[in-house]
Structures are given as C-alpha cells and as structure tokens.
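Presented below are the structures under discussion, each in the form of structure tokens.
Both complexes below contain chain A, partnered by chain B and then by chain C.
Up next is the complex of A and B:
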C-alpha cells in the first residue's frame, strides 16, 4: 500500500489537477479580489475556450502548430467575449446587492451554455495532444505524461507572472488599489472603468486558455461549465477570496485532498473537498491566505 | 409590503380565493392542467420558503435546494425502502430538512453576505455529493425510481373526490398541504417574530444594538425555511415518481431563486406568481425550442435590469402610478 512510487503517482496526479484548477481559479480570484463580483460565468468562459480551441483546431487541420494557435485563438476569443460582456452588462451591477450580481452572472451561464449547445451540439468532442508533448517521462517508477508536466509548468509560470504583475508593475499597483478602495482610486484620477474592463479581459483570457489547454486530456461536453465553476469556487474559498497566492495554494491543497481522499474514502473524495470548503468557510471565512473584508 | 390602506384588495382573503380557484382545476381542466398545477403548487411552496430568507430576512441562500433534497430523499427512502405511510413520511421529511437546516444554518448564520451565500452553496453540494455517491441508501446516480403514491383510498369516501383519478387526488392533497404551509408561513411573517426578521433585513447592526440576538433569529428563519422546503421536496419526489441526485445539484438553487425574483421578493405572493409564471413559460417555450435555459437567461437579464422588483414589484409600481395619476386629476 505505502508504495513510494504509487504515492508519488497520486501526488503528481493531484498536482496536475491543482495546476489546472489554478489556471481557471486565478482569473476568478482576480475578478473577485478587485471587483468583488463572484462570477458564475467564469466556468462558461472556460467551456467556450475549450469549444473554440476545438473549432480552430478543426479549421487549421493538421498544420504543424495548430494546437498552439488554436489555444491562443481560443483564449483571445474568450477574452474579447469577456470584455464585451463586462462593458455591456456587468459594469451596471458593481456595488449592487450580491443577489443581483450572482443572478446576473448566472444568467450568463444559462445563455452561454445554450449558445455553446446550439453551435457545437451535445456530442463529446476531443482534441489530440500536440505532437511535441505526446510522450511520457519515467520518474520514480511511474510514467508522467509530458503534457501533464507542461501543464504544471504553465501553472507555475502563470503564478509567478501574476505575482510579478500584481506586486511589481504599475498596473498591478492600480489593481491592488482598486481592490482596497475603488472610490478613492477614482478620485485620484485613475480610470477605474478601464481598469475593471482590463481585469475582466485578463480573467476571461485565463479562463479561455485553461479551457483550451484542458482539451487534450478531457473531452469537451455540455455541463463542464457548471461542474468546473464549483471546483474553482472551492479553490478560491480555501485560499481566500481575492488572494492570488491563496488561490495557488488553495489549488494545491484541493488537488492533494482529491487525490489522496480517494485512498481514504473511496467514492467520497467529492464529499471531502466540499467538506474542506465548508470547514474553511466556518473557521476562516476569508480563507487561508485572505484578509477579512472590511 | 404595503399595508397602509385597508381597501378591498387587503380585506379580500387571497389565500382562500387562490385555494378555491386552484382546487377547481381537476374538475374543469384536463389531466395536463392538473399536472402543471401540481408542479406550480410545489414550486410555489419551495420558492416562498426560500423567500422567507431572501425577502423577509435578507439572507441570500444559494443552497436552498439542499433542504428540498433532504425532504425528497427522506420521504422517498421512507416510503419506498421502508414502506412507511405518507402521513409519517411527510412530517419526517419536514423534520429531517429542518434538522439539516439547523446543523448547516448554525454555521451559515455566522457569516454574512457573499460568504453566507458561498457556505450555503458548499453545504448544498455536500448534500449533493452524499446523495450522488451513497449508493446503498440513496441509489447514487441512479436515484430512487418508483416512489409510491401515498395511500389515497380515504379520499374515495369523500363526495366529489371519489370520481377523480389518483394523480388528481394527489393534486388535491398537494394543494391542501401547500396552502396550509403557505398560510402558516404568512402567519409567521406577520407575527412579532417575522417582524423581527424584517428588522434584521433592514438593519442588522441596529437590530443587534437594540438587544436582538440576530444570529439566533436568522437561524430560526433558516430552520423554518428549510422545513417548508423539505415538505416541497417530499411532495415533488412523489409527484415526479422518483428522487434523483439532480434535485440537489446547485443550478436548482439558482432556479428557485429566479422564481422568487421573477415574482418579486418584496411581496408574500411574489414567489407564487414567479413559480406559476416560470412553470407555464417553461411548458410553453419548450414546445417550440429546446433552448429553454437560453430564454430563461434572457428573461433573467431583462428582469435584473428593467424590473428588479419582479412581477409583483412591477404591478405595485403600476398601481401606485395609477393612483398618483388619479389623485393628480382629482386635485386639478
């Protein structure tokens, strides 16, 4: 049972899940941290990203770099969609009651979910792995697919890049300022509206990108949007709503709990992550790395 | 709620009027009408129970479906697996749901606003995960099909009722139970306890400063709302001839919330109107297109931007406008 290579395999599996979730949840966390909007539609952006990637890959056919181009195009397409929706709809509800914010983004879930169904149908779709990353690496007696390794690296890269942008760049400073006090930032002459749109575009880009990157290892099906958003919520809640590093560690914890929870309570690993979310909310509602709101 | 003028509209016993009209449906309508009416009655009870939190107490629960689901499963398991009569299973379902609400609510009311919504969502997903995976008891992803109808032989002894089909008799039973529940909730909201809940909604800090134990009141509201949701769930399981994990999945929480908002959360009957509208619209629209969620999403957008008060809020605003016009004309 306590075989090292087996446990290592579980650990790596958990880490892959974690980095995937981090890609998705980081955007959700950014938007919540700065705009205080819990975006249910983030999962829909992820799903649209997956479908767009499939679509572009179909158009491009067996071109050499079709997967990478498709992923990039999907992420950009979703970013554009996110920006549009923010401009047209979301900006009217900042500062309104949670109920209206939740329901507005839920309305987008319904609309985008059905739009995807109308465009791409209800069949399972899948994309093959990019040729360069098709193999596996032997490590401590287990085989790790290169693609999973690539995902882990991307996750780590996004984490470092996000941290650098947030703490070291002028725009990152603006984002943190907007998170602390929106009115004050506006009064100081910053264009908060543009900042918010920008944030939302980045967040949607990340959602679209993660949706595109998931296609080689998971098939694309309707319903993946409502499934993933709850997982992303859990990650963000564990780490702390609005805390960037919190989201990173939240995903790592989630991945490991899911991966090892299967060993302890087979069949109830789903239960264990929801229970973890509930416990964190009860003990530290602002999460492991977050700060209490006001 | 506006109770300033005790005019005809307010002296009219609305509950009774709605009851009498709804009761006549099996005799004047088709089998399909009764089917829809049953669905509306159950949804209405569910939506009003949510509104006890949403509208009356100002708590945004995004996991109300948990208590609906607990009620469904308790009643379904008791009636199907243990052949317990409905007269025992229904109160057990209500109690089970209320107990679940007590345990979860104990933690939830410690949080506010978005955290409250998240924790209610987390608990409802816990309930879902249990229902989905605990094969031995809940049937897992297969659910519990073929939950039996309650024994309705006693209705045959009652004139007029004896000529009805079983499904129509079940509708009559559902309607009576729903109406009694609604009347009970109306009494609760109008009681000093209910007024305290409204005070908490309007200003929790102030309520606390005049010596109100806000958490305890919120918890009480949570438990009451959970219990009534459990009744709705129990009825729905029988109506749908089965209990499935889908009932507890989180989008259902959003759906009942939409019913409440659509009708209007600031009026007791708002969620009832919302439930009826949504069920009828669903029937109407799904006969044209499979893209009902899309239509629902668009309705929701229009509602949020144009009619945040819902149908009841819109009507109230319309009536107020007419009154003002009339007063202006009388004054001129």
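Up next is the complex of A and C:
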C-alpha cells in the first residue's frame, strides 16, 4: 500500500485534477477579486470554448497544428463574447446587490446552454490529443501522460503570470486599486470602465482556453458547464474568494484530497471534498488566503 | 367577402379539425431528458418514439385512432419528471405515460402512475428497484434490461477468461452503478470462487477527472475490470485512461455494461476508442454479419428520419416502447389503462431486434443485450462490435 511509486502516482493524479481546475477557476477568481462579480456563466464560457475548439478543429481537418489553432481561436472567440456581454449587460449591475449579479449571470447560463444545444446538438463530441503530446513518460515506475504534464505547466505558468501582472505591473496596480475602491480610482482619473472590460475579456479568455484545452481528455457534452462551475466555486471558496494564490492552492488541495481521499474512503469520493470545504468554512469562513470581510 | 370575414372563416376552418383531432388521438405523455448530459441518450430515445408514432399513424393508427406523442424535457431529474407526469395526466389528459431515462426518474414516476392508475412504460431505466416486489404495481412496465441481468452477463464473460484471478470494478456512484456492480460481484463469486475482487472505484456521475481513480485502480494490478461508466463519462474515462497505460495493463480485458458498444460512443471517441474491450448495446446499429431484415429496414428508416449518417443505438428503446404499447392497446381493444395493463401481462411483441415478451409476474421484458468485442473495421472510421451476440440471462439461470 505505502509503495512510494504508487503514492507518487496518486500525487500526480491529484495534481492533474488540480491544474485543470485551476485553469478554469483562475478566471472566476480574477473577476471576483477585482470586480466583485460572481460570474455563474464562467462555466458556460468554458463550455463554449470546448465546442468552439471542436468546431474549428473540424473545419481545419487533419492540418498540422490544427489543435493549437483551434484552441487559440476558441479562447479568442470566447474572449470576444465575454467582452460583448460585459459591455452590453454586466456593466449595468456593478455595485448592485449580489442577487442581481446572480440572476443575470444565471440567466446567461441558461441562454448560453440552450444556444450551444441549438448549434451543436446533444451528441457527445470529442477531440483527439494533439500529435506530439499523445504519449506518456515513465517516472519512478509510473506513467505520466505528456498532455497532463503540459496542463500542469500551463497551470503553473498562468499562476506565475497572474501573480506578476497583479503585483508588478502598472495595470496590476490599477486592478488592485479597483478591488479596494472603485470610485476613488475613477475620481483619480483612471478609466475604470475600460479596466473592467479588459478584466472580463481576460477572464473569458482563460475560460475559453481551459474549455479548449480539456477537449483532448474529456467529452464535450451538454451540461459540462454546470458540472464544472460547482467544482470551480468550491476551489475558489476554499482558497478564499478573490485571492488569486488562494485559488491556486485551493485547486492543489482539492486535487490531493480527492486523490488520497478515495484511498482512505473508497466509496465516498464526493464526501472528502465537501467535508474539506465544510471544515475550512467553519474554521476560516473567508477561506485559506482570503481576508475577513468587513 | 370582407377581409375580416375571410380571416374568420379561415380561423374557424382551421380550428375545427384541430379540435376534432385532439379528441380522437391516443395521447402518450413522454417525459425524457432533452437537455443536460443525459440528453445524449434522451434525444435519440425520443426520436425513436417519434418515428414509431409516425409509422403507426401512416398505417392508420391503432383502433382507428392516431397516436399523439407529448414529449417533455425531464432534465434527468426525478422531481421534474414527477411534475411533468402529473401535469401530463391532469392538464393534457394523456392516456399513457412512456419515458424517463434514468434510474432516478423512473421509480419516481412509477409512484405517480400507481396513484393515477395509468399505464407507465419505462424504456431504459435499469435499476432492479423499479419492479422489485415492494415497488411493483399493476401499471408499471419495463422494456429495458435490468441491473441483475447486466451484472450477471458481464460476470459470465469475465468468468470465461480462465487465467483471470484479480478483478476490479469502476462504476458511477448512484443506484444504477451500485446495483449493477452488486449483481456482478454476486455472480462472479458464484461462477469463479477463485477470483478475488481487488479494487472498487466509485467516481461520481459527471466526473470530470478520473485520473486519481484510474491510478488507484492500476496500483491494485487487476487482470480484468468490470466497468459501468457510460455516456460522456465513458468518453472522458477512456481518453484519460489510455495514456496512463490502463487498458494495456489489463490487456483490454474490460467489460463495460453501460452500452458503450453503441455507435454513439464509438463515433464520439473515433480512433481514441479503446479497441479490444467488451461492451453491450441494445442495438449494435452496425451489424457486419447476419443482420436481420427487419433491423436493416428499421435502420434505413432511422437514418432517413434523423438525417444522420449512421443512427443511434438508443433510438430502438423509444421505438420498441411505442410498438409494445400499441400491441397492448390492440390486444385490449381499448385505451383504458386497466384493460391495457392486463393485456400487457405476458404480451409478446416484435421489434427490429427480435421478439420480446413482458413477463406476467415481473412486468419487464427481462431482455438481454447484444454483447461483443469492440474492434477496428476498415469500413468505418470508428470501433464496431464484432459478431454481436444477444446474451439474455447468462448461463447461471439455465
């Protein structure tokens, strides 16, 4: 049981789960952290990204690098969609009660879900792994699929890039200022409207990208939007609402608890994760890396 | 005539036949998941039922009356299916209920059918609970196979692999998966006392990442696996398991009882399908050798009706349900649920996949499924079932 290579394999399995979740949750966390908007439709953007990637890959056919072009096109397409929706709808509810945000973004979940059904039908779709990342590598007696390794690297890269932008760049300073006091920032002459649209476009880009990047290892089916948003919210809540690093560590903890939880309690895979969330919410209601709300 | 009079006349003319037709039709309420993950199967089942209704109506209907299908989206939720069933009975005055997809919906709707004394035929729900002695009532009928038959048949296949000693299971954590795996374990222990169950994994339905479950199972080094992961979940599972070397480690000795042997999964996975595994299908759709003539005709109709290149293996369940109900109405000579329910006991009916009979005691057809190894076939860009074999009970009951 306590075989080292097995435990290492379980750890890597958990890390794969974690990085997939982080890809999707990072955009959700960013928008909440800066804009204080709980975007329920984030999962729908992810789903649209997956469908778009499939669609573009179909159009391109067996062309070389078609997967990468499809993923990029999907992410850009979703970014554009996100930007449009922010300009047309979301900007009217900033600063209002959370209930309005919930209603609006939930309405978007339903609309986008039905739109995807109308366009792509209810068939399950799938995209093959891109050539070059199809195999696996041997490490300490276990096999790690190259694609999983690639996802881990992307996850880490997004974490580092997000952190650098937020803490070291002028626009990051603006974002942090907007999170603290939007009106004061506006009064100081900053264009808060453009900043918010930009934030939302980046978040949508991340959602679309993660949707496109999961297609080689997941099926594209109706309902994948709702399935993922629940898990993404768990991760964001564990880490602390609005904390970028919190979301990263929340994902890592979620993956490891799931991975090792099924060894301890094999019949209760869901239990371990929800128990973790309950414990964290009791001990630190603001999450691991969040700040207590005033 | 003044324009408004013309309009009025048109309106009156168009109203009358509609009203008359509505009175004359035999109404069948059909709650079925048409959105969400379960719609992958719900939509083809509904299409099959629509096609059967169209064919029967083209031949003049039943007892001189046309059939009318009232399809509603149950969203695969027991609550929603119950609400729809009530609404269909009270507001739409349906004569019968056919439908629901999952093992969560069907038992819930069955209680409504019992309350309202209206025949309810479940096309696909597999849980043994649906018609267990405690839940059986005169109006409930099942077309589908059940979890006992599925687990038993899966066990009979694995039991035939003499060198297999270590068996693992993986199935979604709800009624269907638990019941089927329970039956599998019971039967394999009887058939092969030398086999050990070395691992059991229970991912949730709609699991997005199976990796930890797969690595945990591989560490127990099974020789063969009984799997009940199905639908979109199976696509996800297969794509994540293959690069981990899962199928190679068990020599492709995986038996999946969740109908992943249909064209639906095969098409979705394409060349990523784990060739060599064993699975089942209600309708293999593509039947390379010895295809029955009735099946050939049916598939031609289905392809034309759905405008699909190959057709779905799930449409047969909706199609055959309507045929079965129609036979019941014919035999009863009435659309009264009391009479139809009695007529359906022991009733045989012909379907494109062969003759089925409702067992008078259990109210189900106790049908088997087509099982076989999934192999490459150069004529198709996806896996097909090699020599589909209709296994109905497994060798243990004979």
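The working rule: the second predicted complex is superposed on the first by the 294 of 294 C-alpha atoms of A that agree within 3 Å, B and C clash if a C-alpha of one lies under 4 Å from a C-alpha of the other, contacts with A are read in each partner's own complex, and residues count from 1 in each chain.
Operating definition for what follows: a residue touches a chain if its C-beta (ideal position, glycine included) is under 8 Å from a C-beta of that chain, and two chains touch if they have at least 3 such contacts.
Note that the structure is a prediction, hence the values are computed from the model and not measured.
Following the overlay on chain A, a clash is recorded for the pair chain B and chain C. When the two structures are aligned on the shared chain, A:117 is found in touch with chain B and with chain C. Chain A has more of its residues touched by C than by the other of chain B and chain C.
Residue contacts after overlaying the shared chain place A:189 against neither chain B nor chain C. When the shared chain is aligned, chain B comes close enough to touch A:285, but chain C does not. Legend: residue contacts after superposition of the two complexes on their common chain; A:170 is shown touching neither chain B nor chain C.
In the superposition on chain A, A:61 makes contact with neither chain B nor chain C.
Touch criterion met: A:3 reaches chain C, while chain B stays clear of it.
By the touch criterion stated above, A:270 is placed in contact with chain B and with chain C alike. Looking at the shared chain after the overlay, A:107 reaches chain B, while chain C stays out of its contact range.
Look at A:136: by the touch rule set out above, it reaches chain C but stays clear of chain B.
Annotation: chain A residues 113-114, 117, 226, 267-268, 270 touch chain B in one complex and chain C in the other. Those residues of chain B whose C-beta lies close enough to touch chain A in the complex are 54, 60, 62, 107, 110-111, 113-115, 117-119, 121-123, 125-126, 129-130, 132-133, 249-251, 254, 257-258, 261, 291, 293-294, 296-298, 300-301, 304-305, 308.
Listing the residues of chain A that touch chain C in their complex gives 3, 6, 9-10, 12-14, 16-17, 20, 113-114, 117, 121-126, 128-129, 134-136, 142-143, 145-148, 214, 216-224, 226-228, 231, 255, 258-259, 262-263, 266-270.
Residues of chain A touching chain B in their complex: 36, 38, 89, 92-93, 97-100, 102-104, 106-111, 113-115, 117-118, 226, 230, 233-234, 237, 241, 267-268, 270-271, 274-275, 277-278, 281-282, 285-286.
Those residues of chain C whose C-beta lies close enough to touch chain A in the complex are 34-40, 42-43, 173, 199-204, 206-209, 211-216, 218-219, 231-236, 239-240, 243-245, 264-265, 267-272.
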